[in-house]
Amino acid sequence: MAWHIMALQQLINGLALGSVYALIALGYTMVYGIIKLINFAHGDIYMLGAYFGFYAITVLKLSLVPAVLTSMAGAALVGVLLERIAYRPLRNSPRIAVLITAIGASLLLQSTAQLVFGASFKPFPQAIPFRRIQLGPVFITNRQLLIFGVAVLLMVILHIIVHYTKLGKAMRAVSMDKEAALLMGINVDRIISATFAMGSALAAAAGILVGMYYNRIDPYMGMMPGLKAFVAAVLGGIGIVPGAVVGGLLMGVAENVVVTIGSSTLRDAVAFAILIVVLLFRPNGLLGKKGIEKV
Amino acid sequence: MATTPELMVNNLCVQFGGLKAVDQVCFSLKPQTLAGLIGPNGAGKTTVFNALTGLCPVTSGQISFNEKQLTNEAPHNIARYGIARTFQNIRLFRNLTVLDNLRIAYHQNRQYSLLCSVFRSARFKREEAQITAKAKEALALVDLADKADHIAGSLPYGEQRRVEIARALMLNPKLLLLDEPAAGMNPHETQCLLELIRKLRDDLQITVLLIEHDMKLVMNLCEELFVLDYGHLIATGDPKSIQNNERVVEAYLGGCMA
Amino acid sequence: MNKLSSLIKGIILLLAYLVVQLLERQGVLLPYHVQILSLCCINVILVVSLNLINGFTGQFSIGHAGFLAIGAYASAYLTVVWQAPFLFAIICGGVLAGIAGLAVGLPALRLRGDYLAIATLGFGEIIRVIILNTDAVGGARGFSGIPKYTTFGLAYLMAIFTVVVIRNFVTSDYGRACLAVREDEIAAESLGVNSTYFKVLAFTIGAFFAGTAGALFSHYLQYMAPTPNQIGFVKSIDILIMLVLGGLGSITGSIVAAITLTIIPELLRGFAEYRMIIYPILLIIVMIYRPAGLLAGNELSLSGITQFVKGARAHGNHT
């Protein structure tokens, strides 16, 4: 295969992977934007979403769309509970305390999942038959198309919510100034809950998509994609919604390129190398504005 | 007394984004003066302090201290040249003892090496004893000798302000910058503070520049005043002339001094 | 008084060592138990050294296993391939890890709080991936055939050395500067403390000791695998849990937590399965109700204990 065709093929694969990162990154970025917390447990919610989808299809015998919706609702509930129980009591605590709690929450979800669902991987049921579509010289699978489609659809919905609804306006207000929002009569607690719910639901959808894409799910599947999605959020500019999308897509492509020309063991190092470079040279991300540090 | 200025500020500008917080400010301080920097809220007084101590970047202009250029030096280097400060919103190390707060400020003058401290050499012990003695001396100066072992954050407000001054003194400063030292103090405490500042200047032969809203303190204590308004220096002079300066009265004193 | 209490502490430490030796010789402690005690010492080094970075200097590193990995692999390479003496290998492991700490510290410390946390985590993973791709140290297969040089005595000695050095460091002017940086960086700078220098210094010293712990660790396990559990972020978070439960900024807390959290899972069968559920819950509860950790930054001390006992006795006499 000529190199440019291979490159194009990798671009497609990378974009598919990248839109999953983007979906997860959206949750990170929304939560960070609103309470300045790196929700370490976000990757594990993505994992739970995949499991919820798995059981919705295999046990409840739902078809794909209702299964995805059920899983999104389930994950949203977990996200809201998590914020309620673990993060809310710490809202005025030092950042480090909150960060440690988030790490604790992540471990807790992971080990609970391991205990409840079993440590070994489960094959994800194939809700739609696998097909390969030829697009000129390259191939695209129907699963990749599904990933693109769902990701774009959800992002459009999110965009509409954030920019054209009252809830979205309140969310933006809270992220700018919590106290002022409170004084304007916005129920800050509810807005934060809503943010966690939306972010978690997006992650759950990503979980199912990845489950179908790779054909398998396991309790640790959230760890690496979670961290990488976080890197994607930072790359795009944390707290900025379009930034998460750009960052996610770039990360997906970069990872595929490195794996193709290097080795697959380098896969996980790419994200962190990107992270360190971004943090050092453009700490506010690609789409971020330079902030003024207060003395 | 030497008459050449100790601190020279020349055309100082500090800009945050589009906002000129400090604009073309020039002033100088002679050694051992008690000077005041006054002006309405938001006039840029604290920004001047921050620029002097390297905590915020100077957009243009120069700051020199004893003929050394300090413009945009790192804060810890500025401390080395003998400028010490306190903060408007008290920045004590709240979870540490008062004594440790002071001992930290002796950092620049510590001679012993890392190995000395790890292996607890005789030199380490001798010097630590000196540091502690020096800290207790400074505490005695602000009348807080009995509070050495208290946790700094647990002290009442007025005492915290004095600890902060004592901590600044541990640097052996030539110039002491006090940012609203009397804020939150009652009239009695303010009077004690006035006497303390005077005593420090006389005993330690240091220059003091303070930001203060308590006009009684400023007029009684300061020998020279600088008035800032919207980032501009609008008047300089002794308290008498400032009180009668029309621009100052208009910008600031009008309501409260008339 | 001071000298006396140091002497008493020294005697207690020596006695503890002799008791372990005696019990081992009598067959009360099986080799397996002594192994666990060695692991306790290694973990003490790791937790105390991380405490210097996270507890005393107020930085937040979750990549400590990266330094451990460098020490572990470098020393193993030296003893296996070059047949270098173990002590030399330990020092080299420590120095290399220290250099890595310096190299990471310089750029990464421009970052604050949670960004720094993620960057250190990323750094740890990069180290792991590099090891994974280095054939000279076994690559993905792992590094086997490492001689068993780590004895309880040596690990014990190293742990004591680490604790003494770090305690002396934090109670000197250097340590006070670190505390100042933790408490309020701006105030520290205004008092002449070069905050970047002390962050990097804490990172370098912490990394050095983590490296020596790594050397002890690889010559204890005799096999290193480049997995997250052994040298990756799972290990980093293990160390972090011990640190946080013991209390950020408390050396004695770190020691107690490292020892208990190493022994409990080994003693309680079946606990291992629930360990990773119980620890995170503890972590969250501690952060919510006692964020300074179980010892809340305080140190256990001989005089404190005698005072406590005296107080209890006096109280008992009254009633």
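Note that the chains are named A, B and C in the order they appear, and that numbering of residues resets to 1 at the start of each chain.
Everything below uses one rule, namely that contacts are C-beta pairs under 8 Å (C-beta built on N, C-alpha and C of every residue); 3 or more make two chains touch, one makes a residue touch a chain.
Not measured: the values here are computed from a predicted model.
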item: Chain closest to the assembly centre - both centres taken as Cα means; value: C
item: Chain located farthest away, centre of chain A as origin (C-alpha); value: B
item: Centroid distance [mean C-alpha coordinates] between chain C and chain B, Å; value: 41
item: Chain A and chain B, separation of their C-alpha mean positions in angstrom; value: 49
item: For chain A paired with chain C, centre-to-centre distance based on mean C-alpha positions, whole Å; value: 33
item: Contacts with 2+ other chains: residues of chain C; value: 186
item: Multi-chain contact residues (two or more partners), chain B; value: 55
item: Chain A residues counted as touching two or more neighbouring chains; value: 295
item: Chain C-facing residues of chain B, complex; value: 53-55, 74-76, 79-80, 84-85, 87, 91-96, 100, 103-108, 110, 112, 114, 117-120, 124, 128, 131, 167-168, 170-171
item: Chain C residues within the chain B interface of the complex; value: 165, 168-169, 172-177, 179-180, 183-184, 186-195, 297
item: Contact set on chain C toward chain A in their complex; value: 54, 58, 60, 62, 107-108, 110-111, 113-115, 117-119, 121-123, 125-126, 129-130, 132-133, 140, 186, 237, 240, 244, 248, 273-274, 276-277, 279-281, 283-284, 287-288, 291
item: Partner chain C, residues of chain A touching it in the complex; value: 37-38, 86, 89-90, 93-101, 103-108, 110-112, 114-115, 227, 230-231, 234, 263, 265-266, 268-269, 271-273, 275-276, 279-280, 283, 295
